[in-house]
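Shared between the two complexes below is chain A, which has chain B as its partner in the first and chain C in the second.
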Partner chain A sequence: MDSYDRLKKDKTGIYCLYIVVFYLLVAVLAKIGWIATPWDKTVGKGYEPPSFISLELWLGTDIFGRSVFYKVIHGTRIAMSVGLVSALMSTPIGIVLGALAGYFGGWVDELVVWFYTTVSSIPNIILLIAITYVLGKGLTSIYFALGVTAWIGLARVIRGEFIKHKTREYVLAAESLGASHFSKIFKHILPNVFHFVIINLSIQFMSAIKAEVILSFLGLGVQGQPSWGVMIDDAKMELARGVWWQLAGASIAMFFVILALNILGDALRDSLDPKIK
Partner chain B sequence: MWIYIIRKMFSTVPIIFGVALIIFVLFNMVGGDPTYQMLGKHANPKLIAEIRHEYGFDQPKYIQFFEYLKQIATFDYGRSYATRQRISEMISNGIAPSLSLAIPAFFLGTLLAISISLLVAYYRGKWIDKVFVFGCVFGMSLPSLAYILFGQYFLAYKKGWFPISGYETTWPDRLEYLLMPMFIWIAVSLGYDVRFFRTAILEETNQDYVRTARAKGLNEPRVFFKHVLKNSMVPIITNVVIEIPLLILGSFLLESFFGIPGLGSITIDAVHNSDFPVIKAMSTLISLLFILGNMVTDILYTLVDPRVSLE
Partner chain C sequence: MAKNLIQKNAFFLILTLGTSLLFSGCTFKSKIEPPNTLHLFSIAKIKGLDPIYADDLYSGTEVARVYEGLLQYHYLKRPYVLIPNLSESMPEISPDGKTLTFQIKKGVLFQDNSCFKATQGKGRELKAEDFVYSFKLYADPKLTSSSWWLFDGKILGLNEWRDAAIKADTSDYSLPIEGLKALDHYTLQIKLKQRSTQFLFSLAMPNTAVVPREAAEHYGKEFINHPVGTGPFRLEEYNPSSKLIWIKNPTYRKEYYPSEGEPGDKANGLLEDAGKELPLADQIAVTIHVETQPQWLNFLAGKLDFSSIPKDNFATAITASKELNSELTQKGIKLIKSPSAEVTHETFNMADPLIGKNKLLRQALSLAHNQEKINELFYNFRSINAQGPIPPGLSGYDPLIRNPYRIYNLEKAKELLAKAGYPGGKGLPPIEYLNTADSTARQFAEFTQKSFSEIGVTLKVSTSSWPEFQGAIKNKKGQMWGFAWLADYPDAENFLQLFYSKNASPGPNDSNYSNPDFDKLYEKSLTLTDNPERTEIYKKMVKILVEDSPWIFGAHRITYTLTHPWIKNLKPNDFEHSKAKYYRVDPTLKPGNKK
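For the complex of A and B:
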């Protein structure tokens, strides 16, 4: 476990891990309804500026008098769910396709490489817009769009690693003991390259959150729920009237989790793969 | 050489076919009948039949696909549903505005990023390096929408330093409208670029030849600006060149916010109007331009770098 020890020594990295865990915790608590529920309750007049009278009001209210603080918390829930679901969908696709291509080579490899070159030839934002447009607005479309597009980077890395590992001695030893293809891929090679999956997760989580905000902002995403992107979209009209707190709340919430994921990604890379500096 | 170029061109054919297939399946099959996406679920039946006939949605799928391939080959994507304009015309009008924002912003931004990364890499480990690296991560973590809204609200609306939005067709007048989106573009990309370039330069400083140069008694500026700089330019230029095909895309958000009538704005307007033919055409065309750009980049690369093999 020396990679874990290395990570523990990286103080900033550990703090960032705590921040991400905190966001996840907030998301779970909001989901089961222990905090900030209901978010669409009227807590004051429309556009009340931030004040310290109560917790609900400390980020002010939106046009309908709903608490911006509660909306930020529920935005966190949506952002985290988008990150999580898209990672859960795309990671297995990336692992399996990358592993098959790298391990078997030949026409399997050519097919997989053709497939991901083709998908990555469509600029990502265009593909995301096209998928969410075709599937119809809403959270499900976003999950799906991110899930089916985000596997490419991981598949590329895993393919490269499998090509390197498949001729190593431990794999040949397993083969001579009669290990099947399946067991060589998943029992022998995969655990040795799994750190790339973990490093990839933090990057993927981050880009999923960013993409959700942009898609929701374009009106293709979350409907009738307080996502950060929707809040920033509202702010476009509000700023001219001097209402800055929705923009500030959503941006700051997003800023800290992205910052934490950025630094955590670097810390994970340094501790899990010390060869890359 | 010519054989290499021709082979390279042929190798993009399966990719182009794949892109066409994905976009076709996505738009004409996954989403169900596109007519409903354009008109909504409760349009009157006569209008539905008309639209279906006009855009050929009443044909069998393989004929639709064939028609779509024909559209790609002839660069004739029919008419927009919302504005009735010819789509090919909309696109050719949109390229110039997109590029007049993207090209200067890209080159100024890259130049600035390279200069800063040289500075911080030279003072690596010192406070100036730490401040800039922290600044980079900080800047990367701010949502790009926040830059845009802050710039537009504070610098343009409150301070009045720049026009809030707009565009001019003639050149010196156009610049006034492009300045602010250009600054925002540079600000958004600076963090990523500086961090990447700094890493690329620092990777070179660990190489053996640097130790040799130091061992033979060269002073630090000479080691850095003569030996390290030359070699670190290879990964930096690679990274810069790869981004050039993407410039055609412009920037969706910047164009839409600042009223620049480029390809990004056209796409976002089409999304808002549920303009099915335009979204499909834009997806296709931008992907094709992207593939083409990558191909040209690859070819130029082999011309410039003798080490890249022509196999």
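For the complex of A and C:
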């Protein structure tokens, strides 16, 4: 409760939380089909400029006369799902590997450190491209590619914290009471370092959204669905004919969610880290 | 001794350079550009000026200014006609079509160059032996010419000569070749392994041009930068990545501007220079513009004589009625539209058990594909709807033919789809559509996806890189994909061979189309020369293809060229590379030169 009070005092942090929740809500509603459906309906001529005649034409139309505003909303759905799924996939990997390495040390530690050093030495985008080539294109492989590459930062932090915590009195006390390794790792140490996981989650979320946009821009991302990256890729060619609304729509939508997640990550650290008071 | 001399010379050079720099301020330009100078551009860097490596359009165009081959295309006549270039007349062809005898023009001189030591730098006369030597260069395994495919398996004994050279690890140019002989200084005899109408076309390409042995041996590896040919221009200044200056070759043979063309050429002023000696221009300045915007701006500033329209500037340059906007018209700029010898298409994989066996399904999909919309969205209306595979300008193209399955008609499409066994698309699994990963290709696939969804057919797009994409097609994978075929030579055969069953993947027939009736007609057409009988057969073949619909025929795209008023005799020509010898500049029409 202490941490939540501290977070509440951080006005910017709270607004950012609202923004993220709003995006999630939009994504869920779009997924259920309550808003902006169907996104691929032709609502006007190709490249109609933005107008306030109707909600559909708010951000104009794309090359095939589809509503850019609807595409932005469904792009939110894709971005949020990629952020969520990949963060949920990478976090357990990061926690387990970091905890094992930090707690046991020795050859386990060496093995895990060697593993994540090797993975992180490959440039991230190249690794993602390689994985999408192996798995084929599409949303599932993006989830997977981001999930299996984004755990390194978290594993490092958790490992460091475990090294620090494993010799603390409460852990030694638990040990003298006969606690098993499993119980020491997950019941005793992990709850004490869990705030790092929460902070990491928001950062992970953000970088996953960015990566999805980049992959889709490169033509390796989602197929046949309105991703922000695909919209920006379209805009690359359309700008010369003065069509700026796809770029504007996708960029602004992406800008706010990424900014909000970044600030929220900072605010969370400030409120959760017991050292900063 | 020698060392000193060089140093002295170097010093002298520095001195003169210094003085010329000193005086350059007041002497303006040391070389004044003649008023009749062409200002052309190339959109790619020049690979080199050795014909055996000139396999791309840009190098080929530059090579064709200085080197010539046996044949060339008539500049004005359409359909395209081969006419003699360095040969005196068209070759004498034996009744079996296998022996070609060329009479070489007398008195043709190579350009003056220091490599001709026996004549103190004066260019010597071209002889039939030069062709024998040059064709061996293309075959020389050590030189790895990129144009070997044009000769591979064609000339009797040339492959054996090449194999022997590979074995011996050295090429013996003195060894005779059965199918390649100079009967005397002016008679060249080529014996082919089998009759081939296409071989003659390859002799008009810049990458079968003739080079003098003296120059190739004198310059060795540097020959690529020191062109010595028989052509209308000689190289003056060469920077492969920025600029080339060509000047009129003073020892060029007597060649004249054609005095007949196709109807309409006279009205367009293309026959005003009829009978005049070529080349008409005194100099050519070629600038390399890899980026489209500098090219466009230089054209608008009058520093280039003509230009294409970059896609991004199309909307500002061309009005809705496909004409030039008034700002450009006021400058006297003209627009030339010319169809390219190509056809775009969506290919059905006929080897696929589902799509290849169901003609009605293919016809239904063809009817649901809105070509008008594609022309609008992707080609700025710069295209003609294709009714069959043969583009305009080639014999066999019939402007009157209407493909009944290339009309946008959703009702009929739904009807045929139901007849095909899939009413409303029910029961039809998603069609696997192969695609490349670039943006325009993605938009194209999205369009096809959207069109087919109108009749209830779903498309599953799978994208990959260009090599993967081609690999899949060569392995007969996938059910559909989009492609364009650009003609290699002006013969409809180049398009019809795409449907010959023996050319199936990994050959050029990537739709894996196979129809015995079509094959029979194709084989018959190969034995004929360009005559009405063959054209009739071509039309029959097109009819079969239209009915079977192995492709959704797309469009023949149109090239838009903008020209300034001072450049004369510009006529689009897809195959002839040496076009600049016909161009002329009227200096009185240039804004800076008005007197």
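Just so we're on the same page, the second predicted complex is superposed on the first by the 274 of 277 C-alpha atoms of A that agree within 3 Å, B and C clash if a C-alpha of one lies under 4 Å from a C-alpha of the other, contacts with A are read in each partner's own complex, and residues count from 1 in each chain.
Simple rule for what comes next: a contact is a pair of C-beta atoms (placed from the backbone, for glycine too) under 8 Å apart; a residue touches a chain by one contact, two chains touch by 3 or more.
Remember, it's a predicted structure, so these values are computed and weren't measured experimentally.
Enquirer: Sharing chain A, do chain B and chain C clash or fit in the superposition?
Expert: clash
Enquirer: Scan A:Leu259 for contacts with chain B and chain C and give back first, second, both or neither.
Expert: first
Enquirer: Return first, second, both or neither, reflecting whether A:Tyr18 touches chain B, chain C, both chains, or no partner chain.
Expert: neither
Enquirer: First (chain B), second (chain C), both or neither: which does A:Tyr170 touch?
Expert: neither
Enquirer: For A:Leu218, select first, second, both or neither according to whether it touches chain B, chain C, the two together, or no partner.
Expert: Once the two structures are laid over each other on A, A:Leu218 reaches both partners.
Enquirer: More residues of chain A are touched by which partner: chain B or chain C?
Expert: B
Enquirer: Could you look at A:Tyr4 and tell me whether it touches chain B, chain C, both or neither (first, second, both, neither)?
Expert: A:Tyr4 sits against neither chain B nor chain C.
Enquirer: Considering only the touch criterion stated at the top, classify A:Lys236 as touching first (chain B), second (chain C), both, or neither.
Expert: Both partners, chain B and chain C.
Enquirer: Which partner does A:Asp40 reach: the first (chain B), the second (chain C), both, or neither?
Expert: A:Asp40: touches chain C, not chain B.
Enquirer: By the touch definition above, which chain A residues appear in both interfaces, chain B in one complex and chain C in the other?
Expert: On chain A, the overlap between the chain B and chain C contacts is residues 136, 218-220, 236, 240.
Enquirer: Where on chain A does chain C make contact in their complex?
Expert: 40, 46, 63-64, 136-137, 218-220, 223-224, 230, 233-234, 236-237, 240-242
Enquirer: Could you pull out which chain A residues touch chain B in their complex?
Expert: Checking each residue of chain A against chain B gives 114-115, 117-119, 121-123, 125-127, 129-131, 133-136, 210, 213-214, 217-220, 228-229, 232, 235-236, 239-240, 247, 251, 254-256, 258-259, 262-263, 277.
Enquirer: Along chain C, where are the residues that touch chain A in the complex?
Expert: 311-315, 376-377, 437-440, 442-443, 446-447, 449-450, 461-463
Enquirer: Quick check: in the complex, which residue numbers of chain B touch chain A?
Expert: 14-15, 18-19, 22-23, 26-27, 30-31, 37, 137-138, 140-143, 145-146, 149, 152-153, 157, 203, 206, 246, 249, 252-253, 267-268, 271-272, 274, 279-280, 282-283, 286-287, 290-291, 294
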